[in-house]
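Both complexes shown next keep chain A, but they swap its partner, so chain B is in the first and chain C is in the second.
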Partner chain A sequence: MRQSNIGWLFLAPATLILFVVGFIPFIYILYVGFFDWNTNALDPTLRWAGLQNYRNLVFDTTFLSSLARTLVFAFIVVISELLLGYVLARALMADRLWGRQFFRTIHTLPIVVAPIAVGATWRLLCVPGFGIVPYYLKLWFGIDYNISTNAYHAFGTAIIMDLWHWTPFVTLSLMAGLTALPKEPLEQAQIDGGNKLQIFWYVIVPMLKPVLLTTVFIRLMDALRSVDEIWMLTKGGPAEATRFIGLHIWINVFPKTDYGYGAAMSLLTLYVTIVLSWLLFVAMTGRKGGAQ
Partner chain B sequence: MKRSGIGSLVLWIGLTFLTLLPVWWMLVVSMRPRVKLYSKSVLIDDLYWDNFLAVLNSSTFLQYLWNSMVVATSNAALVCALGLLAAFGLSRYKISGGDNVFFWLITNRMAPPAVFLLPLFLLFTKWFVFGDFMLFDTKIGLILLYCVFNLPFAIWLLKGMLDGIPLELDEAARVDGATTGQVLSHVILPLARPGLAVTFILTWIFAWNEYLFAATLTSSADARTVTTALAEYVSVTGTNWGEMAAMAFLTTLPALVVLGFVQKHIVTGLTFGALKG
Partner chain C sequence: MNNFAKAVGVGFVSLGLWSSTALAQDSWWKTAAQPYQGATIRGISESTPASKYVEQVLGPKFTEETGIKVEFEATSWDQMYDKAIKDMEANTGIYDFVYIEQDIVYTYLARNFLVDITKSLADNAKIASPDFKPENFTTFLNYFKDPKSGNVMGVPMEAFIKPYLYRKDLFEDPAIQKAYKDATGADLKPATTHEEYTQIAKFFTEYGADKELWGTTVQASSSHPAAFYEFFESVAPTFGVYNWGIDGTTFAATEANGGQMNSAAAKKALNYWVDLLKYAPPESTSSTWDEVAGTFAAGRAAQGLVYGENAAWIATDESKSTVVGKVGVALPPVEAGVMEAAGSGKGYIGYYDGGAFGIPHSSKNKDASLLFLQYIGQASVQTDWALAGSRIVMNSTYDDPKIVEQDQKMNGYYTLMRDDGKLFAGAPPYPFHSQVLQVVAPFIYKAIVGEIKPDDALDQAATAAEAELVKLGYRK
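And now, the complex of A and B:
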């Protein structure tokens, strides 16, 4: 380890860019959030509004329900992907599964598909009248599935699309974690006569905790901000059934050019994201401390 | 053990089917002439390439494809170069407040992009303006912008990799009279090459796949990327399914090709190398 000022020289270029495209925008919305500013209004200049934008936000039911909807969506997809991913990881690690590498590669495929193309693809599958999903659901099960009129169908499809896109990530990540686990504690627990559930809960989960934490963290952050896929699939509809918060900000800020209000919405969303990730971090690490 | 082997084989074949179905359907639709579009068969009847040709013959799509190529490649190169330097600094020097800097770097990646859309739009159109030149609707703007999420990721990943290179190697080189620059180019660079390759490919994919910033901060064929082309296409026609599917497939293809190279390393990459520590 050498002296500190030379180290800063290496960090400087990266820090400079992130300062310009990351930090300045943050300070800028902090500032704009206190103003009334609409370039399409009669008076397109900045006018001091104090906390008015935030006051409006608290009573804005479309914003609040969009936020709530996003949280529900994120909660459902993260839990399901974790469970599904774990089962698949175990299955894929089964001894001498023929063609294991082949299945792994196939299973990795959705991760790299551009979200916008994921949305387009699922639209092709699910659009009423054209897609095969509504057709075969009707033919085989008599279900009238329609994502453009039924709010539950649209929301459910958004969830399934997210599962398709991101469960592979959870599977691969848990597989990497499971492979790295030491064998001795598992064998010890088996000798001590623990049943499968006990071994899973008291041995595997605690050892896997760092990997679980990272995986949940990444998935939660990404689920909270998914925009592209939903935009392509349903454009946020029907009505507002799939209008998640990122989409809500986007749809509201740009056509309406209500910048001050948009800034307030952005800041509140960022705040919720930070609080959530902090809570998650405390919950996971706190429990770990209590168990040991 | 044998039974569970067969069980998981069945599970995996079923899963492979579910994983491939959407992509397969995209391919099926892209190879259908207009008259057959509403057929509900899931098989490719014959190889019909006109949809692909129509998409590739439209000059704007090729222009968008080229823009994406330039933006993704330049961004990945820039990010790898700056990321390696920063990771070297963080890994090899004791920096006062280094942990805080490191944490701040990573928060840039966690922030929802929708939050940064508005301020960046305003800054790109009103403040970062130099004479006639403004960052709005330029490839340079996108290249810089994508550093927001790619640079923290690269630094995190590369730092983990550099931490794995023994400090003794640096010191041996220094004893032999190497300067810091020579240590970086002759010791670190060759050893970090595989890690750099993974970083480059993953950041390239992220930049290639990005949509929201590209859609908001560009407006003309000079800078729009291939993901925005796809979205535009859907909102303009919405009914020419064959061409839309062909376009979606062409958008995805490059990332699928590079997937082959990083398949083994993709998890380590995507979890920021955190699994190693």
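And now, the complex of A and C:
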């Protein structure tokens, strides 16, 4: 009992910080979401709107399409990074790979680049007329690649940029997980005659599940709130082809100063993220909640 | 010998007068800045040639003379607004002076973001420099006065028009002139109508097919407000559609309600502008003002509307521009009757842009910032600043021999600005500038990429703009 009280004492600073930077802003956003509030309106004061902001969201096609676009983007990048990350992790763990350390270092470098710099760099590579990507795609394959007119090109480039930036994170996480796996079950599975696919699916994946779950959670949440990289690459365009939900909320909250509506959007997006994470947790663990 | 002695004598007297004047000036700044010695003032601005001059020259010189340190952040247009507005909204006081673009000043005034410079100097005469005289500025200063009190709220630091630049070397090449005559039956000269402009654009795109040369630049980013600005502030006025097509008294945007945003003239303008993309280099749909200047400087376009802040370096800086000595300057092409309307003050033919530095209410060093703003508002610093940034905010600057010399290299850009600047106008005085822009711009983007037709884009944009104005409480 005495030990438990000391534990609370140690937790107090972190709890206080979380309360101030997490809980209070959350309550404030919840509060603002019930008001019509625009500091650039003729009447810039908060006016009670009840659930009107949430009602409007249901009919706001720009918001709904931004949300749908973000979910598609997140689904594609998380799955792709998981698969690619696993393949790379196994490749970089192979004893036969010459210069393994060098490749590991090179592969890890994108993680340390700031997202804003990643976006700017990819923009320079891809901007039509000047970038080397459209130049060589035209020269070698005759492709008129243009991220400022073709929605598919812009969306595809956003995905490739995200894969380049974050696959190394998945690779590192899985390498750490794979390295920590006990050898005995694998050897036992080999003795029992399991082929590579069976060993992977029935032995490695279950043992790797905690690492996979953590990695997928982190990447999913990151992908759902992508803003800075996309902003630098396409600014949400062409037209609204890459206007992901984070960008859409930012535009409503800052340049448009529509705080009430922006708060409602943020809360709904948070709710979607929580639901998705819970579904993922259930799917991967077969349980509906609670601690391991 | 006598003449020589006289000359030497006059020289010494002049030097003495100059030195005493300089010393007197030095002593005034030093004396006035005494209470603020060691203070640091922080400013933020868009990274433009004029801002870079403040960062690299005026800031350090001010520090040297006063002991007040100037930290200056020259960043992108978006970042500048984002940071400055958040700072002023939250009252954090990170910035002591901020860039106020001509089009945003009405929003800042409506939200009481700015310090009243006239009043502050009247209240504290000790820091009112004798060399800072608002009457020295051009009428551009009027954009930064509070309409209610007439007091100065910002010190102009750049001002320029958006002229029609063309490649003089190409337009004056006899072989090209003949080819143009053969192809079109007309003489090759800077366009005065939209039909001529399109014809020239088409001709040069065909002529330059294997030369990395296109007929025109277009500031038509498919996801950046630059496209909105190019259309509503540079192109639509040349078709007689002013103030973004919004009625300034009823705040109607649709033609049905008395607005002009989706009028026949506006639709003709958007169709013309979008059509120009056929004759523009591929980067045009990614181009903001910076990229348009870059495209023209790289020699990739025969003509274009280019913000004048870039005119000087494009025309004179060989380290950045491949078209030095080849740049011609003219007024933008217009529809019939528009030039006359502009001449009589009932309309305008393009954008008179620029900005000022103002002091946010949240600043923690208001007096030191006032000193700095007056320092950059002296007549003596204007010439070199204009040479570096092709911006002129004072009448006296136009007559300076250095400016006259640069004007010749720029084929008369400054002369055009002085003589015909009155034909151009700044953004309409709307406090809802950013809000309407964000609502309307997506429809312009969709027209650029061909997602919707220009006519539909303007119909939808006008309806959306009106709805936003109702929501903001301006339109009943």
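Here, the second predicted complex is superposed on the first by the 279 of 292 C-alpha atoms of A that agree within 3 Å, B and C clash if a C-alpha of one lies under 4 Å from a C-alpha of the other, contacts with A are read in each partner's own complex, and residues count from 1 in each chain.
Going forward, contacts are C-beta pairs under 8 Å (C-beta built on N, C-alpha and C of every residue); 3 or more make two chains touch, one makes a residue touch a chain.
Since the model is a prediction, treat every value here as computed from it, not as a measurement.
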{"item": "First, second, both or neither for A:148, with chain B first and chain C second", "value": "second"}
{"item": "Partner chain in contact with A:234 - chain B first, chain C second, else both or neither", "value": "second"}
{"item": "First (chain B), second (chain C), both or neither touched by A:14", "value": "first"}
{"item": "Which of chain B and chain C A:130 touches, first, second, both or neither", "value": "both"}
{"item": "Larger contact residue set on chain A - chain B or chain C", "value": "B"}
{"item": "Which of chain B and chain C A:53 touches, first, second, both or neither", "value": "neither"}
{"item": "Which of chain B and chain C A:66 touches, first, second, both or neither", "value": "neither"}
{"item": "Partner chain in contact with A:157 - chain B first, chain C second, else both or neither", "value": "neither"}
{"item": "First (chain B), second (chain C), both or neither touched by A:256", "value": "second"}
{"item": "Intersection of chain A interface sets (partners chain B, chain C)", "value": "129-130, 254"}
{"item": "In the complex with chain A, residue positions of chain B that touch it", "value": "1, 4-5, 7-9, 11-12, 15-16, 18-23, 25-26, 29, 37-38, 40, 42, 82-83, 85-86, 88-90, 92-96, 98, 101, 105, 108, 110-123, 128, 144-145, 147-148, 151-152, 155, 180, 205, 208-209, 211-212, 216, 227, 230-231, 234, 241, 244-245, 247-249, 251-252, 255-256, 258-260, 263, 266-268, 270-272, 274-275, 277"}
{"item": "Complex interface listing, chain C residues touching chain A", "value": "81-82, 85-86, 89, 107, 110-111, 221-224, 281-286, 295, 300, 431-432, 434-435, 437-439, 442, 445-446, 448-451, 471-474"}
{"item": "Footprint of chain C on chain A - complex, ascending", "value": "38-44, 62, 127-130, 134, 146-149, 151, 234-240, 251, 254-258"}
{"item": "Parts of chain A lying in touch with chain B, wherever the complex brings them together", "value": "1-4, 6-11, 13-15, 17-18, 20-22, 24-26, 28-29, 32, 88, 91-92, 94-98, 103-118, 120-125, 129-130, 132, 135-136, 164, 168-169, 172-173, 175-177, 180, 210-211, 214-215, 218, 221, 224-225, 227-228, 231-232, 245-247, 249-250, 253-254, 259, 262-263, 266-267, 269-270, 273-274, 277"}
